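In what comes next, chain A is part of two complexes: it sits with chain B in the first one and with chain C in the second one.
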Partner chain A sequence: MVIYLKSGGELRTKLQPDVDYYTRRVETEAGLSLKDILAGIGINPAFVAFALKDGELKRLDYVPSEGDVITLQPPVSGG
Partner chain B sequence: MASEEEMERYSRQILLPGWNQEKLKQATALIVGLGGLGSASALYLAAAGIGRLRLCDGSRVERSDLNRQVLYGESSIGLPKVEEAGQRIAALNPSVKLEKINVFLDSYKAGELLKGCQVIVDGLDNLGSRFILNQESLKKRIPYIYGAVHGWLGYAGFFLPPQTGCLACLMQPNLSQPELVPVFGAVPGIIGLVQATEAIKWIQGITPSLLGRLLIYDGLNLTFDIVTVEKNPSCPLCSKA
Partner chain C sequence: MANGLAGETLRIDLTTGRIRRLPTDEALYRRWHGGRGITAKIIYDEVPRQADPLGPQNLFIVNAGIMSGCYIPAGSKVEFGSVSPLTNGPGDSNMGGHLGPALKFAGYDMIIFEGVSPKPVYLFVDNDTVELRDAGPYWGMKSLDCEKKLKEDWGEDFEIATIGPAAENGILFSCITHDFGRQAGRTGQGAVMGSKKLKAIAVRGNKSLQVNDLDSLKKQVTDIILRTKKHPNMVPWQKYGTAFFIQWSNSNAVIPAYNFQTTYYEDIDKIDGDKLVEKCLITHKACFGCWMNCGKYTRAVIPGKPEVHLEGPEYETGSLCGSNLGMKDINHVAYINWLLDNLGMDSMSGGGVIAFAMECFERGLITEKDLEGCTLKWGSVDDVEHFLEMVAYRRGIGDWFAGGTKRAAAKIGQGSEKFAMQVKGQEMSGYDGRWAPGMLLSYMTADIGAHHNRSWTITVDMAEGRESVEGRAKIVVYLQHIRPLFDTWCICRLFWGELDITPEEIVESLNHITGWGVTVGDALRTSEMIWNLNRCHFIERNRANGRTFDYPPARAWEDKIPTGPGKGKGLSLAQIDQMLDEYYAARGWDKNGNPTRELLDDLGIGYAAENLERLGFLGKPIPGGIPAVRGEKYKPKAF
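This part shows the complex of A and B:
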């Protein structure tokens, strides 16, 4: 199964995009959660607060489907 | 009843349809953290005529704060933020009653802090304290207006379980946090003003636009996105509230 992960800012460098400036193509096993997929490509899930797919917020327990385009959002802690 | 002076001061907002200045005058808002977010929200809540502001922050002003913490100036450096903030707010609107609490949230009983407040405005700078505030707001059923910034990015949300989800429905508490957060100064200004707007709407009896939702502001690309924060049925905090 193929999904596409996107991110900007500092998280982008961790994502190591390969499709365009923001996007990485990821081949993964179906049925895995986003958290497991991130761990599988070497991204510590602690660097991702939540994700967006088609304008909807997804937690890291979301199980992606084939072709999903998912934007990763970083934790934001400053004030 | 509003005095003649108050009628003049607030005359432009009293023109707004349905506006009730007395509701603001009778309200207490708690602002925890007087950094970039708290600076913006405190100034605009005070300018609008909030009756009482409870300000909580245990830190002192540093020069590196001044790119974004507009409550302070060069002469504030080294002084307690709550005192400097209090002076600035009193100069802006002397009718606002101020409670200045010069401690960090971690070292203060959060429950005490919330007593008598209609709304909590998050001006904090770390996730741990935000989760403490989130939890206390749940216990007391007081709306928690979340705000946070990093770089060009800002988040804001309005949580009021059981009507909405809570911060823990949105993210885990054990996320990565840098020691030093880069911040473009206008970002906490914008997010802090969104928080003040939502607080005032709540006090006025207007449904906050961010109720159960999250604003994602990207200053670099100038985008504003709003997404719904669904309640997490297995949320360790609010699912049991």
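This part shows the complex of A and C:
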């Protein structure tokens, strides 16, 4: 199964984008949670505050489907 | 002036009513970069060290910054500065919205208020018209109501900043409110404004600003606009603001719950960003020149109470007035946010004060008899409403809490000092530092008392090891130099700092506006100079070694986290002392936390060394000299 993960900032650096400046193509097993997928590509899930798919908030227990494009939001402090 | 400045500074003596219009001192801006830098310098130079922060000798400064209003995105901030009545040290706070640019478009870079008006007044600015007007009809009004009335009276195109009854009554953590939901909350700037009987500032302006190189600025800004519009993290900001962070903070055991008793809240799903959007959101709201629109305009609907509208709650209020108070309904959190906004109290310190009082009630240190027959239970919005009215109007023991948790604990005693969650008199932000040592160090060493905006290290703590204190000091020092630059330049850190705009690009914008030709290194050095001036000022006012004031309350080392993912975690006093020792060494201060002559001379503020020496608090020379580099940019190794 192929999904696409995208992010900015330091998370983008860790993601190692290969599709465009922000996006990485990830081949993964179906049925894994986003948390497991992140761990599998060497990203500590603690550095993702939440994810967004089609404009909807997803937690790290979300199980992606084929072709999902998922934005990863890093945690930041408020103002 | 072709440097981003409007050209005039107003000096207003509220005692006599005299208004002086002076040319803006460009050299002062060049040296101190505006915003928080200039307010720090002016209050250091002009406010006598023994002056009462609520007395006539304190200054109240409104600074619109060098970059705000100057053809850049999110150039929206305005900075307020004075000696803080909450900490008895240099204080500043800023807010977004539209006031800063409006002031510059009216022709003014800064307003310096001194003295105390014999009767309530507000400042009316309409381009060249600058008048102190009678605020009698507005005095006593709540903040949001007052802003609405002033706009009805003068026009929607006026930008208004007001105080509420809390500031009028001298509540030391009072805030200044603007744009129906933006606040300058920290360090009690509202209280200083209220002490001067200054109810509001109303500004309208339609003049132009000139910048040094408009063509280059346009080109750069166009590129930034196109990039940030496509940035993947823009949409989450637009949709959720900072409230999205609440779940993460809970999952990672840094959210304060029940007055920082623990760091995991079982009912987080009831008060998180999802719930805010689902149950309360009316529309998104933005500041001047910004499309991040991280502001959330919401409604709070509670049966039996009138529906109220507010901006928020964002992360800080959402945590400090949510999990920290045991609230179980996002409408209740929003309502408390609205109460604090309308009464005119900092929602961060406000949440901390309520939580402290709730724990005192839980422990029997204050009783129903003290609370006019009411309770103050965790999770009760009615109890909070009643308590806040007691505080804002200083009724009964509400008066005890008017000075914040530190002063309340001094009155209540019985060991309550241990859980007054403050440093230097200012209440902590919405992160618990027991399993995030860099964050705790950030609170301990912030120049204005506990505040996260100077330095936020939670992801660093996660990467470096949450139980280790090694290496935090240098990172905190670096963050304390780079993050406050946004407040110095009066631009928004969320836009300029979270969307892959580099420090070099920000300085490039600064140079296109001003023509200064500075580097990032120059800017960091200016920030370090401001930091050290504030440190000296604090020591001089409080007449003790700096280290005396750099400790957190004893809960930080005596109480391990009792529940959740962080159960059993916590730091020892020895580790806290180790962090302080390393911090002072990283800063070039001595073991007492006092700056040395060598450091102050190196920064070009040797006059501060003279003052410290006269009082007996000049830092002792450090064997081997001060570090050549103070603070190190963090390079994440484990992620």
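Observations on the structure shown:
Rule of thumb we're sticking to: the second predicted complex is superposed on the first by the 77 of 79 C-alpha atoms of A that agree within 3 Å, B and C clash if a C-alpha of one lies under 4 Å from a C-alpha of the other, contacts with A are read in each partner's own complex, and residues count from 1 in each chain.
Definition applied: a residue touches a chain if its C-beta (ideal position, glycine included) is under 8 Å from a C-beta of that chain, and two chains touch if they have at least 3 such contacts.
The shown structure was predicted, so the numbers you read here are calculated from the model rather than taken from an experiment.
By the touch criterion defined above, A:Ile43 lies against chain C but remains apart from chain B after alignment on the C-alpha atoms of chain A.
When the two complexes are overlaid on their common chain A, residue A:Lys14 makes contact with chain C while staying clear of chain B. Shared-chain residue A:Lys6: touches chain C; no touch with chain B. According to the touch criterion, the shared surface of chain A, contacted by chain B in one complex and chain C in the other, consists of residues 8-10, 44, 46-47, 49-50, 52, 55, 57, 59, 73-79. Touching chain A in their complex are the following residues of chain B: 33, 35-38, 122-127, 130, 147-155, 169-172, 174-178, 181, 183, 188, 214, 216, 218, 220-221, 225, 227-230, 232.
Residues of chain A that touch chain B in their complex: 8-10, 44, 46-50, 52, 55-57, 59-60, 73-79. On the side of chain C, the complex with chain A involves touching residues 96, 231-233, 235-236, 239-240, 242, 244-245, 247-249, 252, 273-274, 314-316, 430-431, 452-453, 456, 458-459, 462-463, 492-494, 498-500, 636, 638-639.
By the touch criterion given at the top, residues 6-10, 12, 14, 22-23, 43-44, 46-47, 49-50, 52, 55, 57, 59, 71, 73-79 of chain A touch chain C in their complex.
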